[in-house]
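First subunit A sits with subunit B, and in the next complex the same chain sits with subunit C.
== the complex of A and B ==
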């Protein structure tokens, strides 16, 4: 089957556009409010939580792990506890697992079935993470995808693709870039991008 | 259809950034609220999404799939009557 013709990005949904889905979403909320199965304040609180999430939280975890090997060990052993230790919200129940990229092993994360992602620590997943081509090709051609995203790895580096589930979500600790010696934790955190914590980008120090 | 891992494709990955629109945030938060209220958990959300006809699935945007799942699951549970949302929308 040639999927190519079917895998357009979603042209109907763009910023500033008002797709039919928007009216449908509002009507659905209205019906559910009237039926008393949801309360407006709970929905508003959910939106507030979602917009408050950002990759800055994940970056703080990575920066601390770079700066403090003992913290890194705790992060790798139990990411949820490590997040709580820094006063960060690890989100509701699903288990967050941190994995470390090294000179020998590179991890990248996908959710082939849908979009599972450590939203509490990284914010909502980017559109490409949820897209059909990424979900296919991260598994069939991970090195090709990494090249497309600008990550060049030597042949001696093992690539591990982690497929997320509703119960386990992954946070990649990228390699600390050369030239970052002596930086403060805040400076280190500023080097840590969202994509590097998905494993499709490598932090640069300059 | 939903199980994309390794499916052969040469389609490019569109890496443009997209800030979630208000209705997308709303849909996400409604799902979260339904979950906390015990009306639809994440597995039911997924089953609802995966019950979409393949052609619709491929063409729907991400949160359009979520809307489809909410309607499907809450319809099964009798929270929404058949066609109730369409009638509200004047269709």
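== the complex of A and C ==
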């Protein structure tokens, strides 16, 4: 005789206020620690490295590329080597590829499958970059997304969306704004925003 | 089979159970090899604890947006690029 036949309602089983993804990540971390795959210090060191990265590094690369065409050529050919040349840390294995926005071509970057991003040179990605609406619309309606970000492109500009689906991380070299002639490299770097290196905004010279 | 830059390639339109990095929207679509990247360990086996060997060549493949999304609203020249592993590609006629 079954005295507990599930005809009656149970209270929903929840994690309290902890989101399911956070609970899952915590459970995975605990398991990996328990099995000796990782150590607590490795997790902390990884987080420290990630939050120590900043778009200021990417901005230095872009500013140097704007100021020095030969450096730009080297950046386009091998972004990792170019970052090392400036004393920047290009990060561990993922290969960084730089692409250049021009009068004729506008690049923007997305990761439809997850949140791949050149973290070593730009720091942690913004939340919208990881959101489903950006990830789905950036590929199917890039011009609409760009308009919402305030980027107006003429019909004569070709839009190229880069979906970083595997081991390559893409960094956009935005167009150098008019009015920035004669600026120092440090002044140029201050014009280069994080979003412009994702390809969803255009640097302005104030 | 290695695909040179400029080769027209078709992405295999096959179901795949489990982790893989070929986005559904390019499966079955024909594009052009834009860059040949290096070879990388295979995420389809690495995801399950294997070493991902043999490594697979990775390509940047460019597609016309209008070939991918039939009612694409932008310019006819607009393109979408994805990195696709060699074992997902076949030469297009």
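Observations
As a convention for this text, the second predicted complex is superposed on the first by the 169 of 206 C-alpha atoms of A that agree within 3 Å, B and C clash if a C-alpha of one lies under 4 Å from a C-alpha of the other, contacts with A are read in each partner's own complex, and residues count from 1 in each chain.
Heads up, the rule we're going with is that a residue touches a chain if its C-beta (ideal position, glycine included) is under 8 Å from a C-beta of that chain, and two chains touch if they have at least 3 such contacts.
Not measured: the values here are computed from a predicted model.
Taking subunit A as the reference, the larger set of touched residues comes from B, when subunit B and subunit C are compared.
Applying the stated contact rule after C-alpha superposition, one finds that A:186 touches neither subunit B nor subunit C. By the touch criterion defined above, A:95 reaches subunit C but does not reach subunit B. Of the two partner chains, subunit C is the only one that A:142 touches; subunit B does not reach it. Looking at the shared chain after the overlay, A:165 reaches subunit C, while subunit B stays out of its contact range. When the two complexes are overlaid on their common chain A, residue A:29 makes contact with subunit B while staying clear of subunit C. Judged by the touch definition given at the top, the superposed model places A:77 against neither subunit B nor subunit C. By the touch criterion defined above, A:155 reaches subunit C but does not reach subunit B. When the two structures are aligned on the shared chain, A:113 is found in touch with subunit B and with subunit C. Within the superposed three-chain model, A:43 lies in touch with subunit B and out of touch with subunit C [touch as defined at top].
Subunit A residues 112-113, 139-140, 163, 166 lie at the interface with subunit B in one structure and with subunit C in the other. Residue ranges of subunit A in contact with subunit C, taken from their complex: 95, 97, 112-113, 139-144, 155, 157-168. Within the complex formed with subunit B, the subunit A residues making contact are 3-4, 6-7, 9-10, 12-15, 17, 19, 21-32, 35, 37-39, 42-47, 49-51, 110, 112-115, 124, 126-128, 130-140, 145, 148-149, 163, 166. Taken together, the subunit B residues at the contact with subunit A in this complex read 2-30, 32-34, 36-37, 39, 42-43, 46, 49, 58-64, 67, 70-71, 74, 79-80, 84-85, 88-89.
For subunit C in complex with subunit A, the residues that touch the partner chain are 21-23, 25, 35, 37-38, 40, 43, 58, 60, 62, 65, 68-69, 72-75, 77-85.
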